[in-house]
Every structure is written in structure tokens, then in C-alpha cells.
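Consider the two complexes below, in which subunit A is the common component and subunit B and subunit C are the respective partners.
Moving on, here comes the complex of A and B:
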């Protein structure tokens, strides 16, 4: 009781000090973003660039607003998000499964190890025409391409994570009579979770990148497809609107992933480490 | 023998490919036999097409990557060394880092046209941030004791940067460059697939459009192999460059 009392007291005391420390930093951060946007607007209006080369930021915002009002934006956004997340979900399930199998069974390791070590550093996007040849130009081929690219970081992270699990943890779980299944679900995978999450944090943006490239190449609906259509009609405001939309989506996904990490790993020592501002 | 067993699964996959195509389990249009693919690869080498397009691609990747490494490393070290630079630049890095760089393909075309310039700009922009972040993390993580002792021995700020901060930033920096190397291949191929008049991506696209799928497979596999080989070569080089770290 006494301990809690002291900590609340301390928190109340330090709160204004904390705000005073963080506020200028926050302002400085907003400042550089605002400066960039202002510079864009001024450069575009100054006449150094033609509106085709650099449409003003306000025109781009207006275009996004209109797309949103007309509903196109939401359809494209939802489709891109669906493809990227579907691919990501497959990568999570299959990648963790393959990674686990590789660290549990010698046969799986023998089979997958050379495939992963050769496949990981390859520019797999080069296989895009092959995937189109096999699966057509619809959702299936876009999702497949994203899976091919984004699954390798998940597999690698799972293998490394499971390898790094402390022996003592496994021994004591076995000693207390845990079955192999319980061992995997309650000890090995949670202990490997920080590494696996790192792999997922690489895989999610990768899935988005590849989805966008696939959409750009195959056309149709989706943020990438809409951008290419705008580009074909020499509508550079549409192209820049696409970039802003994709940037916002990427930022939101990356932030969401780090939030999920913090939630899932709240029990882990890494959550207590002082955050570097 | 050991490497043979290690890479046996790949050989098995290749054999399965050949068998599936030869036994007509899949359409030979969708999957031409591996031996045919090798045949058209030799053909492509012989008439010089692969070499001309390949050199064009590698030139773009090399220039873009070199620019990204120089500018990115400078930026990263600056951000770690001067606090104002960090405060101003880190929000921008944070916003642009998750941006799928492939979204910039149409813009670079609007700015610099269909030729080398747009690809080089794209690769430069796409590869710069991983290098910056590597250099930043590395330079920030240089041991305080080393910095102190250099300072107490009277090293100037610039000298400290060169002799202490840069060497200790090396491992992270080199790791960032490795990410950038992989990215450069991805961006190169995807930009060339979408708009180009020469290069690997262009060759893949035009062969596919002509329906000569065995040649298309040959180029795809060549690009994949080059990406893999570049990564392995880079790893070997960095291991040598960092030998001083592991010896002690």
C-alpha cells in the first residue's frame, strides 16, 4: 500500500516536468513536417516547376478529398489493404509454421534450409510475370506475389527466435511434465515472440510494397492501379495523391504493428527498457 | 559431398520442374522444361541481348546505390552527431521510411522521363533511408568510453568522428547497406517492368509479351541469381572489412 502511494505521488510530481520536456520536442517534430509541406506548396506555386512536374500540395489534398467524397478512394484503399493484409496473414501462418517445422525436424530443415538461404536474398519481384502467367491478373496473383516476397523474413525470424530460446526454459517445462504440444505453445513460441515480431514488422511493409507494385503492373482497382491510371492520363495530381495515400497507409500499418508488439510483449523485459525518444 | 547434400533439395526441385514439364503435367506454356530454358539462356547470351540489357540494369543499380550509400551515411552520421539535425530530420525519416518506394515510380518518370535518370533517382531515394538508419544507429551506439578517451587524449571533433564514431558505426552501417542492396534489385526490376526501353525488366516484359516464355524464364532466373550472388559477395566483403572486430 505504502509503495503504491509513493509511486502515484511521484507520478503526479513529475508529470508537468515530463510535459515540459516533451512539448518542445513534439513542436520541433511537427515543425519539420509542416516546413516540408509549406516548401512543397511554395515551390509548386513559384513557377520553377510546371504543375505537371509538381502539383501544389493543396491541389493534391483537394483531389484526395474529392476521391473520398466520390467513394473511389475507399474502394481502392480497401482493396489494397485487403490484398496486403491477406498476404500478410498467410505469411504469418505459413511462415511461423515452416520456421517451427525447420527448428523441430531435421527433414524439414534439410529441405527448406537451402530454399530459404537462396530465396531470401533474391529479388523475387522478377517472378511477377511468371506469377501472372500462372494465376492471371486478379487478386489471387497479387496476393501470391506478396506472399512470395514477404514470407522469407517471417521464416528466418522464427528459426532464429526458436534457436535462441534458453535451454533452461525448455528443460524445466519438460521436467514439470509438459507435452511437446504444450511446450511449443506455452514456452517455445512465446519465448521466441520478440524475434518473430521483428520478422513480422519487416514482412508487413514488404507485403504492402509488393501489393502496390503488382497493382501498378496489372492495373485494375487498388491504390497502385489508380496511380498508374492517373499516370497514363498524364494526371500528375492523381499520381501525387496516390503517393500521399500510400504513404499514409504505410505509416498507419507500421505504427499499428509497433502498437501490437507493445501489447503482445507487455510481459517481456523489452517493454520496460527506457524508450529512446 | 557436404555441400552436395545441403543443396540437394534445390536439385530435386529442378528435377521435379523438368519432369513436370516433360510429362505434360502442366502446360509447357506455363512451365517450359528447364533444359529448354537453359537452351534459350545460351541463345540470349550468344546474341548479346542479355549482356546489353544486363549492363544497362547494373549500371543504373550501381549508380543509384552508390549515391544512396554516400548521402545516406552522411545524413545518418550527421543526425547522430548534431542534435538539431536529429530533431529536424528524424520526423521526416519516420514518415518516409514506411513509404513503399515503388509508389515513387510514376513520379520519377514524370520528373526524369523513361531513361536511366528516373531509375537511378528511384533507386537512390529508395535505398537511402536504410543506410541512413544504419549509420544513425551505429554512430549513436559508439561506446561512450571510447569517445571519452579520445576526447581526453585531445582529439578534435572531426578527428573523433573519423577515428572513433565511424569505425564503431561500421557494422550497423554495413548491415543497412545490405538491406539497400536487396532493395536496389527490387526497385530496379519493378521500375523496369513498368516503364523502360532497356534493362532486365524490359527484357522480361517484352519476351513475355512475345510469348517466348522459355527465354523469359531464363532472364527471370538470371536476375534472381544475380541478386543472390550480389548478396553473398557483399557478405564476404563485409566479413573481410570487419575482420578487425572479430579477431579481438
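Moving on, here comes the complex of A and C:
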């Protein structure tokens, strides 16, 4: 009890000190972005560019605000988010499953290895016409495009992660009575998790990027589609609003992913190091 | 020897065949008998195949030449009857100290309350009280080693294969752990094969000390070290010092051979 009392007091005492330490860091981290936005605003108002070429940042913010009030923003945001996350979820399940199968069965490796080797470096956007022909231009085809692109890093990371599991870890589990079935869930996948998470951290932004590109090329609702519509109506503020929205969404997703990583890998030595992103 | 052999190795050889690089004959025609409840220490220069020998008995590597039987049955795979403490601990890094120790007890289907208590007992035993919820990455080398020892002792295997279990400990902790180990074996006798580089430790703990030759590993000599070790100052007694000296010379010869080959 006494111990807890002391630590609580210590925490209260150091809290302002901690804030004083973190705040400048936070400002410093935002500084480059803030400077960029300020430069944008100044440049746009300097008369070098017409408002059509480069609308001021303040006008773009106002436009986003109005879209938010009208409700369009939320529909587009929700649709893009839904497509990207649905694709990501499929990549997690299918990618880890395929990667696991490849590392554990010679047959699966024989079958999937050439597909991965050819498919990973290939520009998958080339499949777009085929996917449109087969699946149309709605959610299904957009999600499919994102899956085709984002699944490869997950498969590769899973294969590499599982290959890197120390044999002594598996031996010690078997020594303590783990069955073959226990091994995969209780030892192999947890041991490979740091690598798999790295693959997922690559896959998530990729899923978002391809979703937006697919929306731009196929049209309809969604952030990408809305940008193309704005562009078609020569609404440059609308186009720049789309860029800002996509940047913000991407940042939020990447940040959320790194928080999840820290939670899941609390046991990993990296968790004790100060965060960088 | 009167007692029947519990672990019987006959002409066991082992060749490592890496995917790349040359083959290594790690063990060459090793024969060894270990009686029920006997404590055998294994000494030999680095790289002579001590770990390999334990892996074969543990059933982790396939026995390709010769035969290994435990309790009369051929070894075909790992089993909880042969508990191993790995040289490099092999703790699950995603589990806490407690979680690591509980794992084997869970696999045995021990009831929850019982296994919690047993895990706590062994945590206290190896002096890790207060670190139950630490992850291996937060522990020192010696603490990891003690966790690994507790984890294996906790599921109470009849045979213990220990690969330099005290290698990462300071002299004091090592002495305490040795005494603790002897106490445990008095309560629940076990058959032990114990790899060490410390000749004193080997003579103090073991009934017999097997000295291995430089690679390819063979059993060079077996020295009987079963005598009364209860005396207060056993480490200074003449029998003890003489045994240590004898074994030390045997080991040194092999170490020089291994060294010489490395430099040519």
C-alpha cells in the first residue's frame, strides 16, 4: 500500500514536467507540416498562382468544413474507409493463411511460390480492366483491386516470420507436451508476430492507396470518386480538399496501426524503446 | 553397475548436413549408459557435440546411426518424460515468467489453482519473486536461465537434460542453485545428464563425469565421482581436489586438441 502511495504522488508530481518535455517535441514534430501549410497559404495569396491553380489552404479547410456540414464528406469518408478496411481484413486473414500454408506444406509452397514471385513486383493496377469486366465498378471490384495489391506483403512477411522462428522454441514447446496443432497457434504465430505486424503495417496504407486509385478510375462515391467529380467540374478547391482528406485518413490509419503494434508486441524489446512515429 | 540402465546409447553418431556448407560429423559412435536416478555430468571442449547429444536423447533430432533407448523404449520424438533446459534458454518471449512456467503445466492438464500454486512455488525457488509478470526481454541472462530451469523443473520430468544450466550465473547464485537442485533431487529423485564447463561443479554434483573428446565427439573417459560430499569444506577435501585435478587434465588435453585443429 505504501509503495502504491509513493508512486501515485511521484506520478502527479512529474506529470507537468513530462508535459513540458513532450510538448516541444510534439510541436517540433508538427512544425514541418505547419510550415508547409503556411507556405501553401502565403503562396496561394501572393498572386503568383490563380486560385484555380492553387486555392489557399484556408479555402480548402472551409470547403471540407462545408462538406462535413452537408454530410457528403462523411459518406465519402465512410465508403473509402469501409473499402480499405474490408480489403485489409481480407489480406490479414488470407495472407496469413497462405503464408502459413507455404511455410508448412511443400505442396502449398510449390503452388503459391511462383504466383507470389511473379505477382509481388508486378504493377497490379494492370488487372483493373479485367476486374471491371468481371466484377463491375462497385464495392466488390474496388475491394478486389486493393486485396490483389496489399496481400503480397502480408504473405511475404508471414513466410519470412515463420521461417525465422528458432527451432529451440518449437522444441521446448514440444518438450512440454504441445501437439502439432497447439504449435501453430501457441508458438509459431506468436513468434512470427513481429514480422507479420511489419507486413500488415505495409499492407494497410497500400490498401488505402489502391482503394482511392480504384475509386478515381471507376468513379462513384468515395474520396477518390469525389475528387474526380470535382476535377470534372473544374472545382479545384474540391480536388485539393480530397487530397487533404486522404492525407489525414492515411495518417490516422498508420498511427492506429502502430498503436495496435505496440499493444500486441508489449513483450518485444522494441516496446521499451521510446516511440518514434 | 547393478542398477539397470534407464538411458542407453549405443554407437550413436550424428552428422549435420546444412543446406549450404560442408557436413559436420558432430558425434562419432557414442555409447553411454545412465542408470535410474543417476547424475551424469558431461564435459568437453566447445563444439564437441554435447548439445547435440542432449538433442538426440530429447528426441528433437532424429537418431540416424546407432540407437537410443529410454526405459527400454526407442526414442522417436520429444516427450515430457525427458525435460530439457536449453543452453540458450528458449523461453517464449511473448509470455511472462509466470506464463512460461505455466505453459507445460497447462499442457499436462493440471487444474488451474494447482498449477498457479506450483508455478509460484518454482518462481520463489529460483529467486524470481517480484518478476512474475516480467517478459524475458526485461530479464538479465541469469534471470532468464533461472526461469528456464524453473519451467522445466515445474513439470517434473523423470529425466532431466540440462545444457549448461548455470552458465550465465555468478558464482554465488550458482552455488545457491546447485544446493537447491540437490535438495529437489533428494525430494524427487531424477535421472540427470548435466552439461557443464565447470569441473568443480561436475565433481560436486555428479555420480559420474563423462569427458568427451574434441570433435567428432566421443566419450573419452568416464570418471566415478560418487563419494561422500556432505563435508563442510568439501571443495578443499583431498578426494575432491584430486578428482577435480584428474578431470581437469583430461578436459584440458581435449581443449588443446580442439584449439590446435582450429589454428591449422
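We take it that the second predicted complex is superposed on the first by the 244 of 277 C-alpha atoms of A that agree within 3 Å, B and C clash if a C-alpha of one lies under 4 Å from a C-alpha of the other, contacts with A are read in each partner's own complex, and residues count from 1 in each chain.
Going forward, a residue touches a chain if its C-beta (ideal position, glycine included) is under 8 Å from a C-beta of that chain, and two chains touch if they have at least 3 such contacts.
Predicted model only: the values in this text are computed from it and were never measured.
After superposition on subunit A, the partners subunit B and subunit C are seen to fit next to each other with no clash. In the superposition on chain A, contact is made by A:269 with subunit C only, not with subunit B. In the superposed model, A:166 lies in contact with subunit C only, and not with subunit B.
Using the contact criterion defined above for the overlaid structures, shared-chain residue A:116 touches neither subunit B nor subunit C, since it reaches no partner.
In the superposed model, A:98 makes contact with neither subunit B nor subunit C.
Across the overlaid pair of complexes, the angle with its corner at the CA centre of subunit A and arms to subunit B and subunit C is 100°, in steps of 10. Between subunit B and subunit C, B touches the greater number of residues of subunit A.
When the two structures are aligned on the shared chain, A:191 is found in touch with subunit C, with no touch to subunit B.
Taking every C-alpha of subunit B against every C-alpha of subunit C after the fit on chain A, the minimum distance is 16 Å. Across the complex, subunit B meets subunit A through its residues 5-10, 13, 29-30, 87-92, 95-107, 109-111, 182, 185-186, 188-190, 193-194, 200-201, 204-205, 208, 213, 216-217, 220, 223-225, 227-228, 230-232. Partner subunit C is touched in their complex by these residues of subunit A: 166-169, 171-178, 182, 186-187, 190-191, 193, 266-269, 272. Contacts from subunit A toward subunit B in the complex involve residues 25, 28-33, 36, 52-53, 110-115, 118, 121-130, 132-134, 205, 208-209, 212-213, 216-217, 224, 227-228, 230-231, 236, 239-240, 242-243, 246-247, 250-251, 253-254. Of all residues in subunit C, those touching subunit A in their complex are 55, 58, 60, 77-80, 82-84, 86, 88, 90-96, 103-104, 107-108, 135-138, 151-152, 155.
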